[in-house]
Structures are given as structure tokens and as C-alpha cells.
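Sharing a structure with you now.
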Amino acid sequence: MTAAAERPAANTSGRKPLPAMGETLLEVNKLQKFFPIRGGLLSRVVANVQAVDRVSFKLNRGEVVGVVGESGSGKTVMGRTILRLLEPTGGQVIFNGTDITKLGKNELRDYRREMQVIFQDPFASLNPRMTVSEIIGEALQIHNLHPGKGRVDRIAELLSKVGLRPENMGRYPHEFSGGQRQRIGIARALAVDPAFIVADEPTSALDVSIQAQVVNLLQDLQEELGLTVLFIAHDLAVVEYICDRIIVMYLGKIMEIAPSRELNRNPKHPYTEALLSAAPIPDPSIKRQRIILEGDIPSPINPPSGCVFRTRCRYAIAECAQVEPELREVTPGHFKACIRDDIL
Amino acid sequence: MKTKPMKYMLTLAAALTLGGSFAAPFVYPAKWSADPASAAKKGGDYRESTISDYKTINPFTSAEARSIPNYFMSLGTGLFTQDQTNDSFIPHMAESMPEISNSGKRFVVKIRQGMKFSDGQPITADDWITTYKIHTDDKVGSNAYDSFFINDKPITVKKLGEYTLQFDFPQQSATAFVTMNYTPWPDHVFGKAYTAGGAEAVKKLWGLNVDPATVVTAGAFTLQSYSAGQRAVLKRNPNFGEWNKDSAGVALPYLDTVTLKIVKDLNASLASYLAGELDVYGPRNADDLAQITKANTAGTLKSTLIPNVSPAASSQWITFNWNKADSPFKQKLFRDVRFRRAMSMVANREAMVQLALGGLGVPTYYSVYPVFKKYISDSAPKYPYNLDGASKLLAQMGFTKKGSDGILVNAQGQKLEFTMATNSGNTTREQLGRIFADEAKKIGVKVNFTPIDFNVLVGQLTAKGESRPFDAILLGLSGGDNIWPYGANVVPCGTNLHSYNNPTNGKCATAQEQLMTKLFYQGDSTVDQAERQKIGLQLLNTEASLQPVIFLVGGSYHVAYNNRLGGQAPRDQMDSYYGSRGIETTYIK
Amino acid sequence: MTALPTPIQPAPPRTTARAQSQLQVAWGQFCRNRLASTGGVFIILLYVLAIFAPFVAPDGLSNYSTTSITRYHAPTPLHFRDPKTGAWGLYVEKFAQTMNPTTFLQEFRPTGEKCPVRWFLPGDTYRILGIAGNLHLFGTGNPNCKIFLWGAEGLGRDLFTRTIYASQISLTIGVLSVLISTLIGMVMGSLAAYFRGWVDNVINRFIEVISAIPYLFLLILLRSLFPQGANPILVLFLLLCILAFISWGDLARTIRSQLLSVREQDYVTAANALGSSQGRIMFRHMLPSMTSYLIVTLSLAIPGTILLESGLSFLGIGAVEPYVSWGTLLNQTQDGGIASITDRPWMLIPGFFIVFTVMCYQLLGDGLRDAFDPRKRQ
Amino acid sequence: MVTFLFRRLLNLLPTFLLATVLVFSIIQLAPGDFLTPAKLNPGISEQQLRNLAEQFGLNKPVWQQYFQWLWNLLHGNLGLSFSYTQPVLDVAWPRVVNSFKLVLVNLVLFYAISIPLGVYGAVRQYSFGDRISGVVFYFLLGFPSFFLALLTIFGILKFRQATGLNVPMIGMTSDGYDSLGLLGKFWDTLKHLLIPGLVAAVGGVAGFTRVLRGQMLEHLRSDFVRTARSKGVPEFWVIYRHTFRNAIIPFVAGIGGLLPGLIGGAGFVEVVFSYPGITPMLLDAIGAQDFYLVAAFSILPMVLLFLGNAISDILLAVADPRIRFN
């Protein structure tokens, strides 16, 4: 693990040295992403979909952090906003000491090398008109890595790294199975040798038997390459299995952050409790777990006042509607956004 | 407002005094029909087609010759009618021939009494006066406007009595009877509107969406219905028969209805005729004749086909532009009579008849349509096809050598080359032009022949000035009458269609043109037919020797009708001018 | 014809080590589609015929006689053996024309004169690809005793000669005009889809404005603006180009809406995440997804302009004398009405050339579309 | 939704003005005018030509004519047709109605033929039927419409001569139409509409069928269809729900263009079958330079295109939930 933690010298040219393992690599500070809804005669913004609202957390180098929450809780949007695939409405994303939300197009391109994404749907995320070598090679081409003959070798190396035979590099995505395609997607993400990866529910579109393989592959690669991973999932079981820490999101806001084990054993937020109670046995064969909560998730266009979870919270009190709870540290390394300390 | 009650009172008075004893009705002469009047049957529907949609039912805004108001609703109207057996005029709506005075310039006409419009109102002098007033109001824009003027001087029409009209012409006119022959339209419809709202009110009347019940005619038929773009149906005017009888005394017309179908082109029209859906069809060419013959022979159609009835009343010609200040060479060339005679010799008229007209047509050499035989003399100069003769004439002009490209050049090295245009889309003309250009090439004359848009072509043809925009144009004309077959805006210098020479000041360029202009007006004001013919022949001679325009070929007129029809004209009276039948005396067997 | 089974299950990864390029794969795929490749072969044959038209044609384009009339001459039968002498040898008979005064049909009777068919004989001069020549594939050498393989038209000119000469114009004039309009449509549609916002707005409004142009009027107007001496083919070509300039609206619209869908695809986001430039995303990822659509559109549009040209001829603004296109020839047939079908059916031949060419182009385009699309391979 | 449409209407205004200027100048720049053919009449005087020019306002400067026209347009007056000397709307409206009937029949036939063929071609790709229908319809597509109509009329004529059956050949109604009952009228018109409707439809069938087939194939091979199949969804449902509905999205985008076509008539087919629709009138109007009639026929499709686009935007949002009104 430690041997692979340092970058190969050949690829570091022009790159800012990374902090030491365990130091802060990424800091998200009050990140906001609203989608405006226009209306009226003059196309004025009449409302906003508040997909991500003032989210703050830190990621240390080499750490794997999970993000969980129901569908529509803003996980995917947050992941993409951190990578600036979506333009943030407000807040900061500080990567390795640089606020990337302020970067221009060209400067941003350099940071693209450091941060990559693995998509949920392995069918939609690969261009059906490009061969595997073109898909993986594109990243190398853009950043002018391994020019000339070395490029083919690098592609072959990446393919074997993700468990595919290098002979397959001339094929098109449709010739592969779902799991194989996801491996291609991972190889593409690794091609630029990133320090940080957002894995956006990389297993949820796969057959159950394949899920474990892909998760294992990711874990192996993370350890081998010393990657920092933000692992988005709605399946607490998977997250607990591979993550060091877990972030729980609800309606665009962070409810609780805690180390995996701590969160599982000792949830401090009613929402986390609900999530956990709905998933009693960690069993990877269960693909989609319905989390039993009363009522529906409210509209992100018009979220409830105060604590956004209060409408479905069984501990809710009158005060919850007035005060918006701060995310605060209740025990070392364990944060929660709830005004009541008298529960759980 | 004053005339109206007066008219009603007088009508009443006339009815009281005369009782039932009207003047004698007009009898259609038996000699006009090939079938005896006794064979005629009443009733039935006569079906014809037209290739352009009708535009209006209003007789004052209608422009086309065969429109519903100007033709079908005017059938059997007019103070006089031309006897097709001898071209002379006989009284029709007039009681008798007019009294002529003031050295042939004043005509006093007595109107037949007892005539009624289709709505039962009597037809009186007021109707002619109103119609005249509306036609001559320039705000109405009537197509008949021009016919009430001679050399910009108006013809006046006055009412002398309820049934007496007086026409005053500014000068003698050969076509006086044609002028007086206009159809009267009801004063109680148009006169009322005109007094109340002027020209605008008249124009608003009788559009295509008119209620047929409000349409009133003096003629044999009145409107029954019109459906947009499909057909118009006319029905018999019941009052027409009271004063129009056949030679057996039966009220005319025989037909109940006339159906006019609107089709897009003549191919569709032919197909309908072959399917027995139409009663008449005007075959255009050998193809049509062959199709009809075939259907007749096969028995799928029972119809009569009379080919080559007469030459058509139209012309095809090439005109050369004398006003080319921008190219002195061409101007000199086109103004040289030898050049134009040579070009006439280049026109292979026999080949044109064979190739472009399928063998059914005649070569023409004069502006008078061959159907007007009385105005044509074979003694007038002709320059028939003769390539050697043409070469000799061109050599006289200095074109003796051919260049490397085979085109004649003169001593100055100027090439004998010009552009000739015709309107695109007319296959016959395109073929005529092609043949002309190909023949010209044989003697070293290069003709760049291009079909162009019709409107552009007309714009160029009628352009005025010292430098007009064309070299040569191949086009055709139709229209005109057999009384004085020269066009008022064709022959005199300075007029619109004096196509070869039309400078800004409108002056003649040659003595012959001046003579032709003089002869035209002389003939136009000569009432005596024999005298007129003499002037006409002199004009023909002058024109033919000047060759300002080169005439090419004329097509033939053919007649085809379904055998269920009777009452057509005798074979010897049919021609392209009079047609083949009067619809008033047509019946269904 | 045998129906080829199409397995729907995912193809198992094949074991061949060398990957074929996309073009090679498509080509192999295309060759396997027999209908499409037949269409393609015929298209090529037609173009070859068009290039060598003056050589293949026995006569010049505009040759006819005003003395020996051959108007609507029926196709001349070819004889291989003289029935009298029994001698072998290809010959045609000379015909004399008369007009039957009762049926009004042109009748051609053999005069008894025989004209042997000769090969590679000199005749009218011509240029092929700039090289002058006067050899003709076949003919009789006697201008008064021609071989009318497909009969003659209204002036008595050889229809076979005219039809293959006409292919030169009909097969070329439309292609470039289609390419121009497709290119514009593609660029405009892509710009609208990629930039959205005001660019999209302006392009859409622009399409609406040009869609209001009365095409027929514009064509007539433009035709009249060219000087009369201008080469009619050049004029026709310019007219079609101008039509192309104003007829890209529909294509642009469709491309825009298709691209708006593609733009949301994960693989485009992935490319973005890799730091692709906007141009790269456009040309490498978004536009290639339009290939199948464009090929189908092109394959419909090229024959579409062949039809358009014939429509213009119908209105008298297509190819004009002395040039001919299939459209002008067909228009002559149309003018003849029913007689063209019953009395001289050979006049329909140019029409069937149009039909056949359009069909071949369609089959070709269909095959190409299937071949280029990895998901539709057999 | 209402404000959305209203905003589009506001957007349309500059477009509309620009287009009218364009239309107007093109018509004006075209050679000659309504009175040009009258100049060839041997009997018409120059005084008369001047009178008529005055009548129709053709002697005024172009910009004056334009503003006059625009002013009238704002008052719902499309001007006066020169050749009919009647308000344009009165003249054109019956034709619009007639064309609408034909196009309706045409569209029904068109979709009734092409949708099943397109679906069949995709489901049974490369089958005998797929190939034959492709060849046959490409063959029919190749006929210039004026030529196909001539052949059809000839065929009907021969059929009538051979059988004596009264198959309608041209026009929209039979001669005795006015005396028929309501049902008789309907049947008579329908009889006349079927053949031209069919002729107008076959030309487009090939194109639409092949594109639909292509779209269908693309979706048929996609994984969500595979998933649906493996889930045991009935085949019909797979084809209809999962494939067809996705395949038609590009065509939904094109529906905007369909609306002007719906009123725009069936083109040359109308001409050759002597059908009293818009096209023959438009061609006549262009031929005669009947200015305001042509202008109306140019402006009307633009208004309809706007309406059509608005409708297809709405339909697109319904068919494809990824696209929203913002």
C-alpha cells in the first residue's frame, strides 16, 4: 500500500505535489448548486431547485468517503459540482490548496487530470462509436500523455489493471457485458493518473453477482494507487464495506458525517437511524432497498423551513421548524445536523 | 334615384298599352345549324372544361374572353350579331338595323321591346346606358374600357327614349357594330350600386361567393352554382326564350344546364373527354387526334372528330430589335431589310410544320391569320425557305467568309451572331426556335436560342427606348376580329406591340412604317367592307416587303364533340373564328 | 432471397486479436448487404456511363434531319441475319416516315435499304475529360439510316443518345447542392444545440424567416437576373446552390433536437470530465452520433435533388436546350400526355432512369446506414 | 404554459416582420407584374394599363405598398386579389378547406402504410418482406409526382374504358354533387380523395419508413429493450412501449413542420388531379403575379409553422421527459 502511494516520477511533470497521506486533499466549503426555474413574460427566475445547499466537508488524501441518501437527495449533483461538471451556484471547492471554482477554462483542464469520475450507467457512459482504445486513449491524447508508441502500451497496461485482456482494445463497447464496460469506465478514469475519483453509484446498474467484483476492483485499485475516493451510493451496506467515513445527505444537505463503523453502530441523526433500520442485514444480494419512512421526500423547490427532515422525523419538535440546525461535532470525528441531543 | 321609379312606371304603361302584343322575337336562322330545328330536344346538360379557374362573376371586373360573365352569361346578347355565313351584322337585341347619320358617325338604334332579364325585369335603354357608364369609369378598371374610345376620343351613348339609343363616334369606324354590341347588364343591380357607392360598390358585386339567386342576366344562361376550383353550373334563363326562338318557333336555349369543369391542363381535359365526361374538346395536335380516333374506333367513345377544320386564329413569329444603340453593328444588321429577308429564307417552315406541329399546320408569311382569307393575297411578297438565297443576301451585306468556328464574319471581323428568346414552357415554340437556330447554323449564322420567363420576355418586348434589351424574340399573338384584322397597338408606330421599333419618341424609322400606320387608321375608319379589304391588301404588301417581323407557321383548328350533342354549325361554317356551335342552339340527343 | 437471421443476444467478445477499423468493419458489413451493394454498383455504373456518354452514344446530342423526318421514330429492330441472302451480320433497316391521315399516327415503314452496324466508327466529335475524340462505340455511319435503340423524340433526335447525355447533368448537379445544404444544416444545428441560449434563439428565428421565402418566386426571380447569354448549366447549378442555402432549416432543427438528447449522455459528461475542449466534444462525440441520421438524410436528399431538378424542368427553369437532363426529357413525355404512353412508350425511358437512380441511391444509403451503425450490424 | 406561448409569440414578432419584408421584396423584385400579360393583348391601350396600375396601387413606390399592406394585415385584412378582385381570404379560404381534406386523407393513408412497414422492417430486419417493401417503395419514391400522377390518370382511364366502372379520375366531386344527400356527398368526396391521397402518400412512405425503421432498430438493440425482454414483457409491449415510443421522438420534433404542410396542400398531386386545393391556386397566383394572394400563401405557413413548433415543443416535452420548458 505504501509503495504505491507515491506517484511514478514520469507523470509528475508540471503537477503540484500532493499533500502527504492523511493530510487534507479536498475541502468543500458551503457548496451550493441551484437549478433556476424560469417563468413569466421576461424569463425571470421564479424559483430554484435547491439540489445542493451549503454543503461543507473535508477529504484526506488516501481516504474513501461514502455519500448515502435517498434518490433525489442531491448526491449525484454534489459529486458533479465538486468536479465542476456542473457550475456551482456558490461556495468553494479547494483541491490541494486551490479553489477550483474560480479557475478559468485552461487552468481547469490541468485539474481535470487530478479528478476523475466513474459513472453509474456503464452503457450510457461509453461512446458507442469509439473503440476501447479510443475511449481510454482520448484522455491520454487530451493531456498529451505517453505520446507515440508508449500510448498503446499504457492502454494495455490500464486494461490489464482493471482485469481486461489488452487484446480487446480494438472492440466497441457494445461487444462487452455490463461489468466489463464498467471496468473500461474505470480504466478511462485511471488513464490520467488522478489523485481523486468520484465514483457515482458505480455498481447500482450492474447485476448483483458483478457488483462485488467491481467493488473489489475499486478497492484494490484505491489501495494500490493511493486514491482518494468519494463513493456515492444509496446502499449503506456497500458503503460501509469499503469506506473510511460516511456522509449522509438529505434534500441537498448533510445530515451526519461519521467514520463508517461509528455511524453504523451509533447513528446520531434520526434520518441515519431510519436508513439503518431499513437495512437490517448487510446483504449484497439485495439490490434496491426501500427505506421505510413516513410520507414522501419534500420538493427541493420549496424545502421545509428549519430542519429539512422535520416533516418526516419522528422526534420533531416545534423548534425544529424555526432553527436551521448547524452541522456540529458531537464526538470527535462525528458530526450531525440536529438540534436535539436528547435522542439517540 | 330618380330613374328607378320612372322606369317602373313606364314599364307598367308599356304593358298596359301593348298588352301581349310584343314585337316579334328574334329567330335563329335555320342555316346556322347542321341539324333541322325539328330534331332538337329540350333539356339536358352540356359539359365543357376550362383550364383556368374562373375569377369572378362580375362582368365589369372580368378580364378573360371566355369568362362566365363575358361569355357564358352573355350568350345571345348584343344589339347585333354577326352572320357567320357572310360576316355581316343583323339586328338581335335591336329591333332593326340602326339609322346612320352625321356621315357615318351617328347610330340611332331601336331596342327590341318585351325583352326581360332573368329576374323578370324588362331590358331597356337604361341598362345599356348604365353598362356604358360603368365600363368607361377608369376607377372600375373594366376590360372593355378601351372599346369605348377611338384614338383617345370617347364614343358617347345617349338614351333617346325608353327603347331608343344613340351612339356618337368621334370618327368613322369599321368596327362600330362590334363596339355597339356590348352586353347590357341590369341597371337595377349595377346602376343602383353605382349611384350609391360608385366604382367601389360595383367592384364588390358578384364575386365568386355571390349568392346565385342575386345574379341577373339578359343572356341565355344564368348562374346556378359555383364550387371553388371545381365547376360552375349555369342554368337556362327562362325569359330568354320569350324573345329568342328557333326556326320552328321553340324557345331557346334547349339546354337546361351548362356545366363548366375546371381542370388543370389539357391532358386532364383530354382524358375526361375520352372517358365521356365532357361533350366537347379542342384537339391541339396530331396526338390528340390520334387518341380520339383510337377511342372512337375502339368504340369506347362515341364522338365526332373533324380534323383540319381551318387554320388557327393565331400567329407565331420572330421579331428583330431595331433599337440597339448599345450595339451599332446589330442595330444596322437588324434594320437591314436584306438581313430580315435572309432570316425568312432560313425559316424552314415545312420542317416546322412537320416536326413541331406534327404535320397539321400551314406555313405563314403574313401578320393576318390565314383563317381571315378575305384579307390575304398570294401576290404579296414571300421569302420562303431557301438557304442559298439567304447566303447570297448575307454575302451582299458583306458576310462572305466563315471563321474557324464556321460563323460568318464581315470585313471588320464582326461575327454574324445574335440571341433569340422565347417563353419557357411552350414546347412548340421551343421546337420552332430550335429548328430556326439549327438551320441558321447551316449557313454560318449563330443563333443563341434561350427560353426565358414569360414575364421577362414580355417586359423586353414591350420596352421603349433607343436601346432595348433584346436581339430577337420568338413569340405568338392571338385575338382580333375579321372586320379589320390588324392590331391597333401592333401596326401604328409608337404603340406597345410595334415590337421591332419602339424608340422613346415613338417615331417611325422607315417610310413603309409610316405608310402602314396611315393605312391602318384608314382601314379602321372605313365602313365599307370591299373598300377596307383593298386597303388591307395594300397594307399586307407593304408589310410583307418590309418583313419587320418574320412569320413562321400556323396550327390547325380541329373540332371534336360527343355524339350525344346536336345542333352544331354546318361543316362549311365552322372555323377557328366562329367556332363549331352556338350553345343556344345546341341540344342533347 | 434468403433471410439472414439476426441474433438479438449480446455478441460475445470475439477472439481475433487485431481490431478492424471502423471503416473496414462498415465496408465488410456493407458488402454483405446484397441489395445495398447492388444499388451501389449500379450507381457507379451510371456514373461511368455518364462520363463516357459521348463515346457510347451513336449520335451527337442535337442531331436531326429536316429532310428525312424521324419525329417519334420507333425503336429500330436489330437484325442478325438477312432473310433473303441468309448472310449473317448485324444490321438495321432504313425507315421512311408517313403520317397516316386517318389514325393521325406517324408510321415508319422499312424502305428495304439495309445499313450494317459497325463498331468503333468515327462520327461526331466530342471531349471526354478534356480529351478530344470522334470514335463511337457503334453506329451505321449513315446519317439518314440511324440506329434508334430507344426510338426518337419530338424533333427526331436519338433518345438513347439524349438519355445517356442527360445523365451527365442529372447525376452531378444535385450532389454538390445537397452537400452544401447538409453542411450548413449540420453546422447550424450543432451550434444551436451546443451553445443553446441566444445562439440557439437566433438560429431558430433565422430558420423561421427563411422558411417563409417563397421558393418558386425566388427561383424565377434569380433565373431572370442572370444574363441571357449565361451558360444555362451554370445558372441551373447556381440556382440549386441557392436553394441549398435556404433549405437547410429542417435538417438543422432535427440535428439540434437530436444533439440536445446526446448532450445529456454520460459519455459526453465523461469527455468533459477528461478535460476535452468544446470542439473536441462536438466533433468527436456529439456529431458522430449523427452519422446514421446524416447518411440516411443524404441518401434521401441526393435523389431528392434529382427529382427537384425534374420538377424545375416541369416549370421550365431546369436544364434548357441545348442541354438535357432526365427531367427535361421526362417533361417532354409529360407534355405529350396520354399519347406518350400509348403511341410512343419509349419516351418513358428517361423517367425510368430517374426512378432507377433514385431507387439505387436509396438502397445504397440504407445499406450504408446499417453498416456504419455498430448496433445494427449483422 | 400560457405565458410560455405568449413569450414565443413576442419572440415571433421581429421574425415575422423580417420575413414579411423578405417575402415582399422577393415578390416585388420578380420580373413584371400582374399587368404584364395584358401588355400582349393587341387591343389594350396604354391609358387602360395606367388605369389598372392605379387601381391595384401598382404605381406607388414599393415601400408605400408594403406599409399599406402591413397596416391592412394588422387589421386582419390580407388585401385584395388582383385577378379575383375580391379579398384574399374569401378567395383562398375554400381552397384551404379543400386542401385540408385531401391532406387529412393523405396523412391517414401515409401513416397507415408507413408505420406498420417501418415497425415490421425493424422487427424482421432483412426478412423477405423487409427487402421487398424497401425496394417497392424506393421504386415509387423515384417517380416525380407529376409523372406518377400522369401514369395514374392513364391507368384509371384504361380501367374505366375496360370495365365501364365509374372510378373518379379528377376533381373533388362528381357532376351531380349538389343534388346528393349528406352521406352521398361525404362518400362522393371521399371517393375522389382516395386516389390522389394515395398517390401523394406513396412518395413519402419510403423515406419515413426507412428512417423509422432505423430509429426502431437503434432502440431495439439497446439494453433497456433487452432488459425489458428478459423481464418477460410481452413482445408487443416491448415494441410499442419501449421501442416505438422512443423511435418517434425525432419525428415528434418534426411535427412542427407538418402543420403548415397540413394546410399547405398536397402539392403537384393537386395540380395533376385537378383538385381544387391550394397548390393550383398558388401556382396560378405566382404565374399571374397576383401579389397579395401570393403574400398570403407565404405568410400563412409561417404563422402555422410557429404554431406547429410550439405544439411540437410541447409534445417533445411529453414524449421526452429530459427536455423541460426551461
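Each chain gets a letter, A, B, C and D, in the order it is written, and its residues are counted from 1.
Going forward, a contact is a pair of C-beta atoms (placed from the backbone, for glycine too) under 8 Å apart; a residue touches a chain by one contact, two chains touch by 3 or more.
Computed from a predicted structure; not experimentally measured.
For the pair subunit B and subunit C, chains touching both partners: D.
A count of contacting C-beta pairs for B-D and for A-C identifies B-D as the more extensively joined pair. Closest chain to the protein centre (all Cα atoms averaged), using per-chain Cα means: D. Spacing of subunit A relative to subunit B, judged by their CA centroids, is 89 angstrom.
With centres defined as mean CA coordinates, subunit D is found 38 Å away from subunit B. Each chain gets one centre point, the mean of its Cα atoms, and the points for subunit A and subunit C are 56 Å apart.
Averaging Cα coordinates per chain places subunit C and subunit D 25 Å apart. Residue numbers of subunit B whose C-beta contacts span two or more other chains: 267, 271, 274, 453, 455-456. Each of the following residues of subunit C touches two or more other chains: 10, 220, 224, 334, 337-338, 375. In subunit A, the positions touching at least two other chains are 174.
Note for the complex: subunit C touches subunit A at residues 10-11, 13-14, 17-20, 22, 265-267, 269-277, 280, 284-285, 288-289, 291, 374-375.
Subunit C makes touch with subunit B in their complex at residues 62, 64, 66-67, 69, 71, 99, 102-106, 154-156, 220, 223-224, 228-229, 232, 315-317, 320-321, 332, 334-339, 342-343. Subunit B meets subunit D in the complex at residues 45, 47, 52-53, 55-56, 58, 61, 63, 138-139, 141, 143, 145-147, 149, 152, 203, 207-209, 225, 227-231, 233, 259, 261-265, 267-268, 271-272, 274-275, 277, 295, 298, 300, 453-456, 458-459, 461-462, 475, 477, 479-480, 487-490, 496-497. On subunit D, the positions that touch subunit B within their shared complex are 30-33, 36-48, 51-52, 54-55, 83-86, 90-91, 94-95, 98, 150, 153-154, 157, 160-161, 169-173, 175, 177-178, 271-277, 280-281, 284, 289. In the complex of the two chains, the subunit C residues touching subunit D come out as 1, 3-4, 6, 8, 10, 33, 35, 201, 205, 208-209, 211-214, 216-218, 220-221, 224, 250, 253-254, 257-258, 260-261, 264, 292-293, 296, 300, 303, 307, 310-311, 314, 327, 330, 333-334, 337-338, 341, 351, 354-359, 362-363, 366, 369-370, 373, 375-376, 378.
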